[in-house]
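Note that the chains take the letters A, B, C and D in the order they are written out, and that residue 1 is the start of every chain.
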Amino acid sequence: MIKDPRTGMTLIVKTITRLTVGLILLFGIYIILHGHISPGGGFAGGVIVALSFVHMMLAFGKDIAASKISTNLASNLESIGALMFLAVALLGFLGGTFFLNVLAKGTPFTLFSSGTIIFSNISIGIKVGVGLFAIFLALVILEKSKQEDNS
Amino acid sequence: MKPANIIPLFVIVPLAAAFLISLLGKYVRRFSSAAISLSSVLLLALSLYSCVLLKSAPAKVLVYKVGGWIPPFGICMVLDGLTAFMLVTVNLVAFFVAIYSLAYMNKYTDKPKFFTLFSLMVCGMNGLIITGDLFNLFVFLEIASIASYALVAFGTEAEELEASFKYAIMGSVASAFIFLGIAFLYGFTSTLNMADMAAVLNNKPNLWLLPFVSVLFLMGFGLKAALVPFHAWLPDAHPSAPASISAMLSGVLIKALGVYALVRIFFNIIGVTHTFLTILMFLGALSMVAAVILALSQWDFKRLLAYHSISQIGYIFLGIGLGTPLGILGGLFHLFNHSLFKSLLFLNSGAIDYAVGTRDLREMGGLNKVMPVTAGTSLVASLSIAGIPPFNGFFSKLIIIIACIQKGYLGYGLCAVIASILTLASFMKVQKYAFFGQLKGGFTNIKEVPWQMKFSMLCLAIMCIAGGVMLLPFLKPFLKDAVNVLVEGTRYAEIVMREVVR
Amino acid sequence: MGLYFLCLALFCVGLYGVLRKRNLVKIIIGLAIIEYAMNLFFVLLGYRFHGRAPIDAQDQAILNMVDPLPQALVLTSIVIGLGVTALLISIAIRIYEKYGTFDITKIRKLRG
Amino acid sequence: MELYILLIFMIVAAVAAIEVKDLLSSVIAVGAVGFALCLAFLILKAPDLAITQLVVEILCLIILIRATIKRDLPLAIEGRWVFNTISTLVFMAVFLLFAYFTLKELPPFGEPIMAVVKKYLAEGVARTGAVNIVTAVILDFRAYDTLGEATILFTSVIGIMAVLRRPGRKQIK
């Protein structure tokens, strides 16, 4: 199935991947943004975003995927996502309490409703997406360096 | 600014430190060291301030409603006597260990990751101690556990990875039992707030549910606390970690995750029965004697210390299991003392490892000539753990034994005395082989460890010597408040709910 | 009642895997099964006959929703499971690298 | 009824995952358990959980398959095999027996008490603005739990990076 970790799979897989990977990414972002209206939310959407990267990496090999987003950038983005969530939590102190939902609630059933919930979803989405991708990248890099050690 | 507003800082400060270290630690030199020092100082100050705050609070309890939701609809944080006591213990040890690690971790690569995980572990323990919500307790327990699994494997040598794997499996099974227990309680009471749950359980008769849930929790938290039938992971995991982490694991992690959580749930939510106390005392006495016997035959310094941790946890459970105010006082006081001297001993073993590069007692010898600070502090700690008079270990053991005799459990008192004598024998061996005797040839040009490590060890040693002052009248309320929380039992619900309404 | 019991039986299957198997991957799989079982048990506790999913609709009032709290808690629990499983897998891969086997009996320390 | 079928299927698949000799088959069998769980969540009216379980299961399977592929190993049988198996089985039998009595005291299946939750359902939309009550619970009523959850994932990512890094120690001079 996997011919060579450097170059990835066959042409058929690569062509299909080129078509679908953007859609998967978009779907993940949709799920993240609509977490307060429909099922899903930051976590599920974040995993879908991570899966779109994993998909690309499986099809094209490690190098191309890593050129789009490196381990360093991934772990930095993850920390930023985590800090953003903490910042949303601290925003509550504006109203006097940790985690208070201070922003206007808006009208239900629209995208810009429910105060801080949407920002929480976005920051969790960023965090989870790049975090899980970073795990996968680290595992692949480990295997690759091992193969180089052996040869 | 209401006084209760400092309560969430116990979680926010270490979390912010962890996130910032992982973001900036790679780029800014010395950032991780500065951030970790600052956050540990801040946490220590906050925990001491919380004691002062509690003294002026009318009902000796403060409740913080996270997100402004009134419990039981939202999560609340509860600061009472026991919480303040545990917070001081955890943050005190964490502060000294953090300072020690600044120099010690030069042996390992990638310091920022270490400090991130360290900070997360402290955050998990603080969050677990301060929460008033059962599921939240589980979440923070998992944070602390996962950080400790990773930290045990931090050296990435074969032995460390194996120990970490074993620890992680045992810990996850324990978490599964705890989660199942929480699920049963939720199904029965339909609430997760601890105070509310205690109130519901008091008024709702049941025959099988509470004993079954008790057994689940006893298995789960017993595994986390390494009580004797569940102790198999500890002698592998604790020695394998870097020495500063061993100090945290043995010093405070097993107490916060095991003893504190168990005691809080059983005394304040479920309510203790005579059967339960008997089981707790039996397991405590068993751990005490069995582990010390196993420790006698060890030659690896850190492994020996790990077995002693199990044994000393036994003392704590014996004291708390007596159920009398005096017994609980002894148990909690011993918890505090043990966290001081056991972390000091692990830090000593780390200093020897740092300077000499071995953990095997047979390869050491005469180190008091080249490492006077390490030798001196380890002598203090050894005498404390063995219960020799002026040191702090003596007072807490004495209180436990007196409480045993008062309640008529002469057998358990005798067990405690025997275990204490065996502990003394075991540490005589350590002192004889490691520090006294002939200095071995290869060791003549060994230097004492850097000042950060010396500072931590000296401070902890001074606190071990002066530990007895905790029983003097002006400091005793600190312990007495913690004991009162447990003695009140399930009246916890009333006390907290009254504070919520106010 | 019967469902709860079957769910706990699934829990026991996972527990058996963790306690008795001598292969690191099998132990991780056993743990995953334990996690599935406990998540399912919690969600079962919140189910209501003829209940609806806890999401409001724009044009109708939904009266009998299932209990949303266990669902929220299990969401957290799934994430915890993912974190622990991923950590265990990476530790197992490092152990494999050192010893060339996932077999526990060939790994010195873990025996017993 | 379909839940019974799903649960029995899950138990069978779980036993297969534990007992089968080949590691890759075992990983695939555990995937079957996970996807059946996802279906069960859907039947139990938990769409959020179903989505999350689905994607997490896919990710776990990819990682597990990558971990086990090309690394097939025989299973060894240990010494005191019979004794240990019997003691484990006895423990489980006792566990299930007590669980049976305890389960009787829980409210019957399909009729939860929902003491606290009533308020979430009644006021959730008005107080938080989120239509999805589960989201309202995890990001507003119990947002502090979610901070913990995010931290757990962060911890395990950092932990994995720490475990996988090399070399772990500096060279001793």
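Simple rule for what comes next: contacts are C-beta pairs under 8 Å (C-beta built on N, C-alpha and C of every residue); 3 or more make two chains touch, one makes a residue touch a chain.
All figures in this text were calculated on a predicted structure; none of them were measured in a lab.
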- For chain A, which other chain has the most distant CA centre? B
- Message: Of the chain pairs A-D and C-D, which one is connected by the greater count of C-beta contacts?
- Response: C-D
- Rounded Å distance between chain A and chain D, as computed from the means of their C-alpha atoms: 21
- Message: I'd like to verify one number: the distance from the centre of chain C to the centre of chain D, where each centre is the average of its C-alpha atoms, in whole angstrom.
- Response: 2
- Query: If you average the CA atoms of chain B and of chain D, how many Å lie between those two points?
  - Reply: 29
- At what distance in angstrom does the C-alpha mean of chain B lie from that of chain A? 36
- chain D touches at least 2 other chains through residues 47-48, 52, 56, 59, 63, 67, 99, 104, 106, 112, 114, 116-117, 120, 125, 131-132, 134, 138, 140, 142-149, 151-156, 158-161, 163-164, 166
- Item | Residues within chain C bordering two or more other chains | 15, 45, 53, 55-56, 69, 73, 75-76, 79-80, 83-84, 86-87, 89-94
- Note on the structure: Where chain B touches two or more other chains at once, the residues are 15, 19, 22, 66-67, 135, 139, 142, 146, 149-150, 153, 156, 161, 164, 187, 192
- For chain D, which residues count as touching chain B in their complex? 98-99, 101-102, 104-107, 112-117, 119-120, 140-145, 147-149, 151-152, 154-156, 158-163, 165-170, 172
- Item | chain A-touching residues of chain B, taken from the complex the two chains share | 8, 12, 15-16, 19-20, 22-23, 26, 64-68
- Task: Over in the complex, which chain B residues touch chain C? Could you list them?
- Result: 135, 139, 142, 146, 149-150, 153, 156, 158-159, 161-166, 168-169, 172-173, 175-176, 179-180, 183, 186-187, 192, 232, 236
- Query: Which residues of chain A touch chain B in the complex?
  - Reply: 72, 75-76, 78-80, 82-83, 86, 89-90, 92, 95-101
- In the complex, chain A residues that touch chain D: 31, 35-41, 43-44, 47-48, 50-51, 54, 58, 75, 78-79, 82, 85-86, 89, 98-99, 101, 105-109, 113-117, 120-121, 124, 127-128, 131-132, 134-136, 138-140, 142-143, 145
